Amino acid sequence: MEHTVQFAPATGLLSGMWLLVALPAVSAAVLLLLGRRADRWGHWLGCLSVGAAFVLGLLSFFALRGQENRAVQLNLWEFISAGSFRVDFGLLFDPLSAVFVLLITGVGFLIHVYAVGYMEHDEGRRRFFGYFNLFVAAMLVLVLGNNYVMTFLGWEGVGLASYLLISFWYVRPSAATAGKKAFLMNRVGDAAFVIAIFLLFAQLGTVNFDGVANQVHTLSSGVTLMLGLLLLLGATGKSGQFPLTAWLPDAMEGPTPVSALIHAATMVTGGVYLIARSNFIFTANSTLQLVVVSVGALTLLIGAIIGCAKDDIKRVLAWSTVSQIGYMFLGVGLGGAAYALAIVHLLAHGFFKAGLFLGAGSVMHGMRDQVDIRRFGGLWKYMKITWVTFGLAWLAIIGLPPLSGFFSKEPIIVAAFERKDWTAWLFGIAALLGAGLTAFYMTRLFMLTFHGPKRWTDDIEHPHESPPIMTIPLVLLAVGSVAAGGLMVGPVPKWLTPVLGHEVRGEAVLAHSAITILAIAVTLIGAGLAYLLFRDGTATAPQPAGALVTAARKNLYIDAFNEAVFEKPGIFLTRALVFLDGKGIDGAVNGIAASVGGGSGRLRRLQTGFVRSYAMSMLTGALLVVAAFLAVQYGWFA
Amino acid sequence: MNFPFLSVLTVAPLVGAVVVALLPRTRPALAKQVALGWSVAVLALSVAMWIAYQAGGDRFQFRESYPWIPNWGVRFTFAADGIALVMLMLIAVLMPLVILASWHDAERGKRNVPVYFALLLALQSTMFGVFAAADVFLFYVFFEVMLVPMYFLIGSYGGGKRQYAAVKFFLYSLVGGLFMLAAVIGLWVLGGHTFDWQALVDANFSTGAERWLFLGFFAAFAIKAPFFPFHTWLPDAGGAAPAGAAAILVGVLDKVGTFGILRYCLPLFPEASRYFAPLALTLAVIGIIYAALLAVGQNDLKRLVSYTSIAHFGFIGVGIFAFTTQAGTGAVLYMVNHGLATGLLFLVVGMFVARRNSALVSDFGGAGKLLPLLAGVLLFAGLASLALPGTAPFVSEFLVLLGSFTVNKTVAVIATSGIILAAGYVLWMIQRTTQGTVNPALASNEGMRHDMSLREKVVVAPLIALIVLLGFYPKPVTDVINPAVKATMADVGASDPAPAAGTTEAAR
Amino acid sequence: MTLTPEWYLLLAAALFTIGAVGVLIRRNAIVLFMCVELMLNAANLALVTFSRINGTLDGQIIAFFVMVVAAAEVVVGLAIIMSIFRTRRSASVDDSNLLKY
Amino acid sequence: MTPAAVLAATPMSTGEMWVFIPLGILALVGALGMVAARNAVHSALFLVLTMLCLGVFYIVQSGPFLGVAQIIVYTGAIMMLFLFVLMLVGRDASDSLIETLRGQRVAAILLGVGFAGLVCVGLGRALAGTTAKGLAEANSAHGGNVQGLASLLFTRYVFAFEVTSALLITAAVGAMLLAHIERRKGERPTQPEQMRARFAPGNYPAPKAGPGVYATSDSVATAGLLPDGTLAARSIPEILPPRELTSSETAPKGTDR
Amino acid sequence: MNDLKLPAIDYAALAPMLILFGVACLGVLVEAAVPRARRGLVQVPLGLLGLVAALVFVIAEAGTRKRTAGEAIAIDGPALFLQGAIIVLGVVALLLIAERSLEPGGPFVAQPARPVGSEADRSQAAGEGGATEAYPLVMFALAGMLLFVAANDLLTMFVALEVFSLPLYLLCALARRRRLLSQEAALKYFLLGAYASAFFLFGIALIYGYAGAITFSRIHQAVTAGTGSGVLLFAGLALLAIGLLFKAAAAPFHVWTPDVYQGAPTPITSLMAACTKTAAFGALLRVLYVGFPGATWDFRPIIGVIAILTMLVGAVLAVTQTDMKRLLAYSSIANAGYLLVGVLAMTPEGVSSTLFYLVAYGFTVIAAFAVVTLVRDADGEATHLSRWAGLGRRSPLFAGVFTFLLLAFAGIPLTSGFTSKFAVFGAAFGGGQVWLVVAGVVTSMLLAFPYLRVVVMMWLSEPGESTPSVSVPGAFTSAALVIGVLVTLLLGVLPGPLLDLTTRAGDFVR
C-alpha cells in the first residue's frame, strides 16, 4: 500500500471534538471530587455527559462525512517532548474512530441510563457513575488518539476504570481480587504494547499513526513481526484473548452494567481496535496474520467450550464474549476485507452482548442477585420485556438470519475459508465449530433461564420485571440486535475503506452459499441440541461429568496453569528475596558491622591494663620498625 | 533579574529553623504556624525564581559566586540549570505540605515540637544548598550536612527501630560521602586545585584516574539514591522515619544521588561514565525487579513504599545511564514526579498510620469502608506510583524506557517488565489495606472514625493536582529540563541514535 | 686479636636490650625503673663511644645531659612510685591494672 | 695529650682491650643480674656494678669528666636514691617466680634476642672497620676534656643547659607534692588545746579503766565491771562493741557444772 | 682555650619560653610565699598573664626565620605557629584546670601524698582546695613544649621532651576523685614515657654516630651526602621516631593513651590531648622535614604503615569503648593517624595542613573534655557511656554542644573536623600518597560509628535514673567551652585565615 496517509487539521465542528473526551472526563471529575454533595444528582450528570457526547459524536460523524479527507486530527498540546521524540496530545477523527465513538457513546449512553435504575439502591451510585464516566472518557481517548501514545493513554485509562469497576464492591474479597487480576493481566499486555511503541520509535522515529503508516514499508519483516506480536500481546491482554484470557470471566464480579459496557461492548474490543488501527503493520507480514488468526480461532473455541460448561449467567456471557472477540480477531487476522467485517461484528456484538448482559442484569435484579442459571427457569412469565429482548439478542448472537449476528459473523466464516492454503480448512472449520458451540451454550442459557420448570428457591417470592428505566435501554438494544447487522454489513466496510483499505476478496475453498448453509446448519444443530437437552431444566446440583466438561468447568485449567506457573513461583521468589535481602545483603552489611564490633571487642582485650604488656607491645613495635627500616636500607623490599 | 535567588533560598529556611527552634517549647502551635508560614514564603520565592528562569537561556542561571576559602579555591558558587531548578522547586513545594502533614507528628512522642519543625526547615536549607551548589566542595558540604537534620528527624521523632534506622542511615550515607570525599580530594588535586564545576569539566584526567574518581562519586550517589545492592538502609530509614520526614527523605533527599550522577559523574568523567555505564545499568535493572518483588513481600506500609522507591530509583538509573536525551529527560522528570508521587504516598500512608498507630498492612484491611476518601487518595497515590498514564510518573517512566530502548533493548525490556510488578505491589497493597472485609480491630479503632480532615485535604490536594497536571501537560517542566539534559548528554559525549529504519523526513 | 671501638657499641646495644627486656620481665616498679636507667646508661655508652669515633665532644655532652635528666626523672618516678606504694602497700606494677580495655 | 686520649686511638690498644674485656663481661653480668635477681636490692647492686664498669669505660674513652660524673652522680647519688626508696617500700618484696602474664617472659626474651640481634648485627656490619677519630684533637682544642665540655656546654648547648634547671625544679616540686604530707595549721591540735579538751566538761580526764579480765575471757572486748557490777563502757576501745557476757561467764567459777 | 665565645642569643625570639619558665618559677615561689587559700587567686592570673605575654612575643616575632642560641633553637614559621598554638590551647586548657566551681576545690587533690582512702583523704575529697602546685607544673610543661617544637638539635629536643613530660607525669597523679586510677595513670605514663625516651635517646646516639652531629642541618647534610652507614641512620631514625610517635600516640606506641587519658584529671587530659599532641607533631615535622627529608622515600612507607595502623586501631577500638574519656582517647589515637597522613605528604602543604589540623583538633578536643567535666554526679564525673543516655533531654544545650563536637570529630562539614581532614588528605593526595588517603577515608567510616553511638545515647535514648545532671559550668569552663566550640565552628565555616597563616608558616629554617 503505497498511498500516503495524511490527516487534515480539524476545522469547524470537528475542532470541537476534544469535547467528546472532555464531557465525560469533566463529569467524572465532578462526581469524584464533589463527593457526597453530588449524590442526589450525580447519576444524571453522568448520563447527560455521555448523552451529550453521543450527540456530539453524531454531529461529528456527519461533519466527517462532508469532508473530503476523512481523517481529521486535532493536536491539542504538546504532550511529551524530548530530543527527537515528540508526541502531541492529539485526537484523530477518522471513519474507524467515528464508528467506535458512536458505539461507545451510544451503547454507553443506554447502559448509563440502565445503570441509573440498576444501581438505584447502591450507596455508591455516584462513585459508580464517576468511574463510568471516567471509563467513557478513557475509551474515547483510546479510539480518538492520533498516535500510539494517546492510544496507550486511553488503553491504560480504561484499564483503570475497569479495575475500579470490577472491584466496585471492594468489600467483597472476590471482587477486589478480580479487579487486581484484571489489572495485572492487562499490565502484561500493556507492557508488550509499550515495548511496541518503543520499537516503533527506535525504528521509525515516530509514533504517530500517519508517520508509522507511511514508513512501515521500510521496516524489515523481522521487525514487523516483532512489532505485530507485541501489539498482539497487548491486544490479547485487553481483549481477554488467549493467552491473557483468564481475567475476563472474573471481571464479572463488577456490577452488571459494567460487564455490559466494558467487558462486553467496548473495552474488550480495544484489542480489535488496536489491530485494525495498526492494519498497515499486520498486513505487511503474513506470518503475523497467521498468528493473529490462530489466536482468534483458538480463543473462540476455548471461550465457546468453557461457555458450554458454566452455570453462572454472567460467566457464560463472559466466555461468550471471549469467544466472540475471538471471531473478531479471526477477522482482523485474516486481513483485507475481513478487517471491516471484524469491525462490523464488533459493532453488532456491542449491541447484542450489551443487551444480553443488561438482560441478565435485569434477571438478577428481579432474582435478588441470583446468578446461577440452574436456579432459574420459567422466568418468561414474570419478566416479559426482558424475555423478549433477551430472546432477540440470543437469536442475534447465535447468528440466525436475518438478525444482526448472522450478517456479522457469517462473512467472517466465509473469509476464513478464503485463505490461500490448507489453513482455510483449519480456520474455516474452527469458525464453523464455534458457531455451533455458540448456538449450543446460548440456547442452553436461554432455555434454562426463561423456560422449563422454575427452580429458584422460595425466598425469592416475586420475581419481577425491572423498572422502565432499565427496560427501555433493553428494548433499544434489542432493536439494535435485530437490525444493526443487516444495516451495517454493507455501508460500514465502505465507510471504513479509507482506513482499512479496499475490499479485496479471495477465492473461497468452498462456495459462498455452501458456507452460508453450513453455518446456519451448525447453528441449528447446536441450538436444537441444547433445546432438547435443557427444555426441561437441569439439576441444581453439580453433576458428574466427563473429562472435557470438567476441564471446561475449570476454565480448561487456565487459572490452574497461571497459579502453578506464575503465582506460586512468584510468591516463592518474593519470599526468597525478602529473606535474601534481610539475611544476605543487609546481613552482609550488618555482618561487617558486627565483625568490626567483634574485632574491636577482642582487640580491646589486648589493652590488658598491665604496664608490662604495654611495654612489650612497644618493644615489639620498635623491633618491627627497626627491622623495617633496616629492610629498606638493605633493599629487601625493592 | 539579578536577585540572588539561590543563596537567599538556601539561607532563608535556615533562618526560619533558628527562629522556630528558639520559640518556647510550651507553645507548639506557634512554632507550627511560623514554620508553615516560613515555608510558604520560601515557596513563593521559589515560584518567583521559577518565573525568572529563562527556559531557553543559559545552561546555568542565577549564578552567584563569592569567595569562601581562597586557599583551596573554594567559592560559594550557586547556579541552577534546569535539572537543579526543578528539584529546588520540588523541595519548595513539598516542604509546606510536609509541615502541614506533620502537624501532630511530633506531639505523639512527647517530643520537642519546635525542634521538629526547625529540623525540617534546616533540612530544607541544606537540600536547597545541595541542589544549588555549583562548586564541588560546596556541594559536598551540603551533601554531608544534610544528614544531620535527617538523622535527628528519624532518630528522635521516628517510630519502630528508629535508633537503628537513624544510625544506619547516617553511616551508610557517611560511608558513601567519605568515598566521595576521597574522590573530591583527588579531583581537586588532579584538576588543578579548583572546585569550580566548569573548570573541572574542562580539565583532563588520565583514564585510570578518571575511573577511580568516578567510582568515588558513584559510590556516594549509588548509596544515596539508593541503587541495588546499597539499598538496605532505605527500608529501615523510610520505615522508621515519621511520614513527613520519610516523604522528604525519599521524595527529595535521595534524589541528590541521581542528581549528583547527572551533575557530577557524567560531565566530569564522561569516559568513565561510558565505561561504567553497563555496570550501572545492570545495577539499576536489578534494582527495578528486585525491589519490586521485595515490595510485594512487605508487611509494613512504609517499608513497602520504600522498596517501591528503590525500584523507581532503578528506573532513574536506567534513564541516566542510557545516555539518550529521552531517557535523560525522563530520568530528571522522574526525579520530580517520583518526589510528588512518593511524597504523596508517604504522606497518605502517614495519615493511615496516624489513625491506626501501626504501619503493618495486616493491621488494616477493608479500611476503604471506613475512610473512603483517604482510601481513594491512597489509591490515587498508588496509581501514580505505578506510573499509570495520566499521572505524572507515566511520562517520565515512558521517556526513560523509550530512551533506553533505542540504545539497549535488553535493559529496556527487562525494565519494562518492572511496570507489571509495580502494578502487582501497588494493587496488592491497596487490596490488603483498603479492600476486602473490614478488619474488626479496625472498625473499633477510634482513629478510623474520622476521614480526612481539612488539613489533610489541603496537604494532598496540591500534590494530586500537580500529579495530574504534569501527567497530561509536562511541558512546563520538560521545557526547563530538556536543554540541561541535552547539555549533559553533550558533556558525556553521547548522541541519540537515529531511527534504525525509515526516512528522516518522516521523523519530523 | 684486636678490638675496635665498635665493641663498645655492641656492648651498649646488648645492655640496652637487657634493659628493654628487663622492663618486660620485672614486676617491681623500682626494678622496672632501674631497667630503664640501664637503657639510658647503654645509650650513654653508645654516645661516648660515638663521640670517640667521630672525634667530637657532642656525644659526651649529651651523655652528661642524660645524667642530669635521669636524675630528675628518677626523683619524679620514685615519687610517683612512693605515692602509689602508700596506698597499695605494693610496688608491683601488675597490681596497677584498674585501667584497661 | 692525656694518657686517656692516647688510649682512645683506634683501634683499641692492648691495654684498653684488657680493660674492656673483663669489665665488659662484668657489665653484662651486672645487667643480667639486675634483671634476674629476685630481690630488688640485689638488682640495684647489680646495676651499680654495671654503672661502675661504664664509668671506667667513659674514662678509657677519653671522657674522664663523664666517667667521674658517672661514678659520683649516677652510681653515687641516683642509685643511692633508688636504694633508699627500695629500703622504704619494697625491700622484702621480691618478685615471685610465677609469671602472671602468660608467655610474657618467653616473648620478652625472644623479642630481646631479636632486637639485640638486629641492632648488633646491623651495627656490626655497619661499623666493621670504622676508624675512630679519637678525641685527642677535640679535647685539646679547649685545653682538655673538661674544658672542652664546658665550652660546648656554655656555647652551643647553653639553652638546653639552662633549661635543665626547669627539670630539676620540676623534680623537686614533684617530689614535694607526691611525698610530702603537709600538716597544716589547725590540723594538729596544740598542747593547750589538747589540755583544754581533756578537762572540758563532759570529758573524763583520768586514765580510763582497763578492760575486765576474767579467767574465762581475756578478750579486750570484755568490759570491766564497775563496783556496782555494771559494765564499764569506757573500759573498752570505742570501736569495739561491748560484749555481753554469757551466763556461764558471769557465773562464779566452778558453778557451771 | 679559656676564651669562650658565647653564642648570640636572640632573647626576643626566646622570650615566649623564657617568660613561661619564668612564670613557672614564679609560681613555685608563690607556692612558698603565698598562703594556701590565696595561691589559686595568684596562680591563675599569673599563668594566664604569662601565656598572654608569651603569645604577644610569639606574634611579635612573626616572620622571623633564624637560628639562635648556638643553633640550638630554630625560630621559624612552624615553630612560631606551633608555639602560638600551644600557648592558645594552653590558655584554654588552663581555664579548665582553673575551674573550681564544678567541684569544691577544683579538679586536683589537695594533698596528693595522702594515702588513698585514708581518713585525711576522705576529708580532703570533700572540698579542700586543690594543689596549686599544678599551675607551675603546667607552665613548665607548656614551656617545654614551646622548646620542643623549636628545638633545632636532638639534644635540645631531648631535654625539652623531658621538660614537658615530667610535669605531665606528675599532673596525671593529681586527680581529686578516683585517685587510684589517677596514680595508676601516672605510673603507667611515667614508666612507658621513660621507656620511650630511652629509645629516643638511643636513637639520638645512633644518629649522632651517623652524622657526627646532632643539629638537624648537619644531619640533613649527612643524609644528602650519603656518607656514613645507612644502618646507623635508619636504626637511629627508627628509634627516634619511636620516641616521637609515643608522644604522638601512634600505634603500636599508643598503648598508654587510653589508660592515661582515662585516669588523669580531665583538664589535664585535655591539655595532653591538645598541647602534647601539637608539640609531638611539631617535633616530628621538624625531624622529618628538616633533618631527614633526604630519606623520605625510605621512611614514608614505614611510617605510612604506622599511620594506617594508628587510624585502624583508634577507629576499631573506639567502637566498643564504654567510657567517654577512653573513647575520646581512642579517637585521639585515630586523629594521630590522620595527622601522620598529613605529615607524610612531605610537601609544604603537608606541613601547613598538619599545622591546621593540630589547631583544629586541639580546640575541639579541649571543648569535648570540657563537656566531660560537666557531666557529673555525686561521685564526680560520670564518664561511663551508659550514664549519658538521655542527656539530650536533661540538658539539650550541652548535649547539643557535645553532638556538634562529635560531628566535628566525625568530619562532618561546617566543622573544623572536616576542613582539617580535607586539608591533610588533600596534602597527602597531592604528595602522591593516595593509599593513605584511602585508608584515612575507610577508617573515618569506622570511626563515625562510636561517635554516632554517643549521639544516639544522648538524644535517642530515654534518660534513665542514673543519668547524671549536667553541672552549670563556672566562668572558666564556660569560657573554655565557648572558645572551643566557636573555633570548631569557625574553622569549619571560615578556615581561610588560618589556612593562610599555616601556608605562610609552613617553611622551616634549616
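Labels for the chains are A, B, C, D and E, by order of writing; each one numbers its residues from 1.
Methods note: a residue touches a chain if its C-beta (ideal position, glycine included) is under 8 Å from a C-beta of that chain, and two chains touch if they have at least 3 such contacts.
As the structure is a computational prediction, the values presented were derived from the model and not from experiment.
Listed by label, the chains that touch subunit A and also subunit D are C, E.
The most distant chain from subunit C is A, comparing centres defined as mean Cα coordinates.
Across every pairing of chains, the maximum count of C-beta contacts belongs to C-D. Ranking all chains by how far their C-alpha centres lie from the centre of subunit E, first place goes to A.
Between the CA-based centres of subunit B and subunit E the separation comes to 44 Å, rounded to the whole angstrom. Averaging Cα coordinates per chain places subunit A and subunit B 35 Å apart. With centres taken as mean Cα positions, subunit D sits 14 Å from subunit C. The mean-CA centres of subunit A and subunit E are about 78 angstrom from one another, to the nearest whole unit. Across the assembly, subunit C contributes 9, 16, 19-21, 23-25, 27, 29, 32-33, 49, 51, 53-56, 58, 61, 65, 69, 72-73, 76, 79-81, 83, 93-94, 96-100 as residues in contact with two or more other chains. Of all residues in subunit A, those touching 2 or more other chains are 604, 607-613, 615-616, 619-620, 622, 626, 630, listed in ascending order.
Touching two or more other chains at once are residues 112-113, 155, 159, 162, 166, 169-170, 173, 187-188, 191, 195, 199, 230-231, 235, 258-259, 449 of subunit E. A complete list of chain pairs in contact reads A-B, A-C, A-D, A-E, B-E, C-D, C-E, D-E.
Contact residues on subunit D toward subunit E in their complex (touch as defined above): 119, 122-123, 125-127, 130, 141-144, 147, 150-151, 154-160, 163-164, 166-167, 169-171, 173-174, 176-182, 184. The residues of subunit E lying in touch with subunit D in their complex are 1-2, 4-7, 9, 14, 21, 24-25, 28, 31, 36, 69-73, 111-114, 120, 131, 133, 136-137, 140, 143-144, 147, 153, 155-156, 159-160, 162-163, 166-167, 169-170, 173-174, 229-232, 235.
Listing the residues of subunit E that touch subunit A in their complex gives 187-188, 191-192, 195-196, 199, 230-231, 233-235, 237-239, 241-242, 246, 251-253, 255-256, 258-259, 298-299, 301-302, 305-306, 313, 316-321, 446, 449. Contact residues on subunit B toward subunit A in their complex (touch as defined above): 229, 231-232, 290, 293-294, 296-298, 324-326, 328-330, 366, 368-369, 373, 376, 383, 388-390, 394-395, 398-399, 401-403, 405-406, 409, 412-413, 416-417, 419-420, 423-424, 427-428, 430-431, 434-438, 472-475, 478, 482, 485-486, 496-504, 506-507. On the side of subunit D, the complex with subunit C involves touching residues 8, 10-12, 16-17, 20-21, 24, 27-28, 31-32, 34-35, 40, 43-44, 47, 50-51, 54, 57-58, 61-63, 65-66, 69-70, 73-74, 77-78, 81-82, 85-86, 88-90, 93, 95, 100-101, 104-105, 107-109, 111-112, 115-116, 119-120, 123-124, 127-135, 137-139, 145, 148-149, 152-153, 156-157, 160-161, 164, 167-168, 170-172, 174-175, 177-179.
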